[in-house]
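What follows is a set of structures to go through.
Each of the two complexes below includes chain A, the first together with chain B, the second together with chain C.
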Partner chain A sequence: MIGANFLSGAGGRLLPPSIPFRYFTAGVIFYAVFWAALFVSADELTSYTMGGGPILSVIHMATLGVLSMTVIGASLQLLSVATRKAFKGFWLCRLVSWFYIPGIFLLTYAMYISWYSGMLMGAGLTGGGLLIFCGLIIHNIWGVTGMAAIMAHCWAAMLSLMGLLSLGILLIVNAEHGFMPDHFALATSHFILAVFGFMTLLAMGFSYILIPMFALSPGPPEGLGRWSVGCNITGLIGILIGVNIYLDWLVIAGIGVIFFGVGLYIYAMSRVYKARMRKRLGLPFILIRISWVILLISAIWGAVGAAGYWPDRGHTLFAAAAIIGWLLTFLMGVLQRIIPFLASMHSSGHGGVPLLTSAMADERLLTVNVLGHLGGLSAVILGIMFDWDMVIRAGAVMGFAGAMGLLIYLMYIIRHLASFRGEKA
Partner chain B sequence: MAEKPKIKQAAMPDWLCGAQPGQTIDLDVRPILAAGNDPLAEILSQVKEMSPETILSIEAPFDPVPLRRLLAGKGYDNYAIQRSDQHWQIYFKRHVGQKLPDFPSFPDLPDFPVAWRDGILEMDLRKLMPPDPMIAVLKMIEVTSDYGGEGGAFTVWLNRDPIYLYPELIGRQWHAQIIHDEDDGLLVKIAKDEPI
Partner chain C sequence: MFSFDRQITRTLHEEHLVTISVLERLEGIFQKYGPKKAPPGDSAQITELLGDIINLVACDVTNHFSFEEEKLFPLLGAMGDSPISSILTGEHRVILPLGSLLSELAKMARAEGFNDASWGQFRERGVELIERMISHIQKEEMALLPMLEDILDEDADAQLMMTYSEMR
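Up next, the complex of A and B:
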């Protein structure tokens, strides 16, 4: 029964594995390159204040190269299942990667060496890929009824994406021609829209499906998600206005509202966690739970900064906590669950029964990833706090080792998938 | 015979399609609800007096999921038709055959309709948001030795292909078979693997 019907219909809603896995692979490669670049540029990290150069490149390797890349792969796969609307044109899903992946390589390389034309071309390619992705997502969620909280997260994330793209290109042009009166406010708005608008909102929105699914738990009450996203959007708007018209109180109020929204999100997730049927959640949930704690700390630290109480390097600490501590840690946890699951679904063994991923790759590699990531995160935070370049470098080495663990694991999985498809053909 | 539904939904059961004139008792609870009263006592009183052949037709301004669940647990098959936005008609008939146990309650999940179809439990999970349908199935598996027919089998109505459920079923030595896949949803039979 399982053999013939196991994937009956599911195949139609699962994308061909080459689509999500190309984004996951590129994301993990950028994850390794990010740590390597951080190692090389560690001495510039603590003195960085939103200008061009290697650290700008390192930040974009993490945000565009790892986070957005993985989010694209996961969104294309998850949304088509959640909304019951399969993406009809797979070529469009592939087209995103043809623009986006080389675009980020060019953009981050050009940022690293401060090459203006390269940045502009890279941003154009990256932006083109993101716009196609945005169009695909909007087409998919258009008219979807139900899942109001998740859809609200998706809509707000897509609007943030459009905003941050426009600001990103404007920032590059302004860096060369300097026609905007306040580059810093623009860069801050771009950072906020990217980290807390686009990526955080998508991460939170998908959490309402993914976390209960991983933990085997009933979903949290819809109202919690609605209030949370409502607070987060309101807070974001407040912060963006406050930053651009120099109203500190509005920025602090915005952060306060976001803090409330984040609190509701964490409360919803803790309810899911308590009601779970799967008692042993393993390594991925260690990462996911740590990321939630750091998300809360980031919000508090943001408010401290807006009130003017950040010490030296407070802004660097904030960016590291938000990008590496919250988003990258959360994403690694999610990736550690999604990669084996999709691989298993796409490689039905004898009689159509999905193979256990332990039969495809050595799962100790995932432990290397967790230890490397958490070690890297801790050392980088410590290095920023005390302005110790060597500790940041040590963290980058640990992070790189963790990234290689995940990359090797992924390669084993892909090799298995390829050989399975070869046999099937 | 009962009027065919206006909104496309699950196929009408044989006991309702073949109903004879006079076999149905009608109870419109909308005026009772409009007056601010609870019609449950009236309904249970009618149910108590029903013979096994009688079909009880209840008209209500909403889908009375808790009532359907209650009577399903007492061994009554049910079938609901949405006539308009605020007009539902639900038919109940005593299930003929084995005595059926009370339906299990899953307090941490939203209510969903349940029914007995030919001795097999059927859960309509189409109004639940993901991943609740998957959780309902897994919770049902945990208690199914008390409720399932045909060696534990039960059926579920779903909106989505339950691709994330499949690996969980494998781990529990269960499997899924899609037995109906149309615009109105998927009817999936969930059953234990047969011993090799």
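Up next, the complex of A and C:
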């Protein structure tokens, strides 16, 4: 079984709450900023292919600002518990944020106004933070025995992270000086490594821990996870080679292998879901289940594109489905569960009455988040399909409202947690 | 996780299943009847549920918690993993009185039915118990039971099972 013994010794390996919660807070703030920036730049979305400008900035607000930011917070907390190896220096976990958060602000601002020197400085800071994060993760998973599937996901994600960082800096330099022959192939490789290499693999890897935990269900068989990650890594390598040496059949074959890997992952997750002890899993699992469906659709749509059958705006639809539909939707579902869970862990075992998360914050705010996110996603997809700026803008408004719901919820939780720990100190 | 080889972990896991099943039925009733609308006094479904809550608290919850605190947490402490025991014990201190109060309210409701005030109080305490208990079971399933699977041999397992049978 994957993920067994996950919380054993958790009490001793919980990070100080300020570490994961700083990343969650920054991630949710970027989530709101992302929708606001999309509202402002909606008219440029469907015509964008590559290069600097508002849409590049909006994409990185979502990928670096929301997805990677939240993944950093969750990884630092979950891995130290899952591998049963505590991080030795909490200051390094904090140091990541001091580089990473200002770095993204600078990078996305510079992208927005196409300021290349600013992009390089921002990328340097962001990359510095990510390299420290990568070092922390590799140090933590080095030599871990057991949980082979989860560890394979982590290793592949970290290698993808290094690749996408190098390509990202190369893209910025090339955008100004133009020394690389095929900027588009580089940009495509960067996108694939970021969205499917780094973030998707980490999301899938941590699913094997988190979904059974939240659903109170047996973990899936180890073999399923190993086959899935094996297919995904093989497919990813095939796609990257195919894109760069212009072999369409290799790209399609790579997507086919990934489709099989994704299918195995979803089969494993559906087994977990069906075997759950807790039948009522609430709104977060609506988001998570929708995200699994969109992940499959994204893989199919990617194959359609690789075969040359995308209509106009097919690439925009693909990016929106992968980033907003799969990753952001999945992550919002996970965040809605992990925030109260961590708050519960941090408020227990101090000798007082453990805090009740429903008493810390109004849970209707999470409903606002779900409705806003799903409304925003649907409208953005519809707006891209029919090239309707106003519908994309309406979607951005709904998404922003949803993001504010989650942000207010998070602020209430943090305020209660801080005052509770202050009383116990 | 949740695929247990030891008798004692299987038994505790089965008790968790029973507890979750009762709590989910209770949650269903709370969704059906809001905080201000007491359910009818002649509902067989509610009468049966109240009886199950009383049994749950008297048997499963009380014995389960006592056994963990007296027999299992010292084992974990001996192997140096006391933080999770401390977290779980802290939660027991809150859940048990809450469960006892709910059980008392259930006994009164079986005798006299609910009025708006007693229903409001029962519902409020019940919602709290559901949230605390589910979160608690989550921690036990993810931490306590897998750790016991790791550290218990067959003899220790049989011994613990016998002790628990006597306590029940």
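Structural remarks
Assume the second predicted complex is superposed on the first by the 408 of 425 C-alpha atoms of A that agree within 3 Å, B and C clash if a C-alpha of one lies under 4 Å from a C-alpha of the other, contacts with A are read in each partner's own complex, and residues count from 1 in each chain.
The rule we apply is simple: a residue touches a chain if its C-beta (ideal position, glycine included) is under 8 Å from a C-beta of that chain, and two chains touch if they have at least 3 such contacts.
What you see is a predicted model, and the numbers here were worked out from it, not measured in a lab.
In the superposed model, A:S344 makes contact with both chain B and chain C.
In the superposed model, A:M147 makes contact with chain B only, not with chain C.
In the superposed model, A:G135 makes contact with neither chain B nor chain C. In the superposition on chain A, A:G219 contacts both chain B and chain C. Touch criterion not met for A:G89: it reaches neither chain B nor chain C.
Shared-chain residue A:M277: touches chain B and chain C both.
In the superposition on chain A, no contact is made by A:P16 with either chain B or chain C. Residue overlap on chain A between the chain B contacts of one complex and the chain C contacts of the other covers 1, 5-10, 12, 212-213, 216-219, 275, 277, 341, 344-345, 353-354. Across the complex, chain B is touched by residues 1-2, 5-10, 12-14, 81-82, 84, 146-147, 209, 212-213, 216-219, 222, 275, 277, 341, 344-345, 353-354 of chain A. By the touch criterion given at the top, residues 1, 3-12, 212-214, 216-219, 275, 277-280, 341, 344-345, 348-354, 356-358 of chain A touch chain C in their complex. Interface residues of chain B facing chain A in the complex, by the touch rule stated above, are 108-109, 129-132, 134-135, 138-139, 142, 159-164, 166-168, 170, 175-178, 181, 186, 191, 193. Within the complex formed with chain A, the chain C residues making contact are 1-3, 16-17, 20, 24, 27, 81-84, 86-87, 89-91, 93-94, 127-128, 131-132, 134-135, 137-139, 141-143, 146-147, 150.
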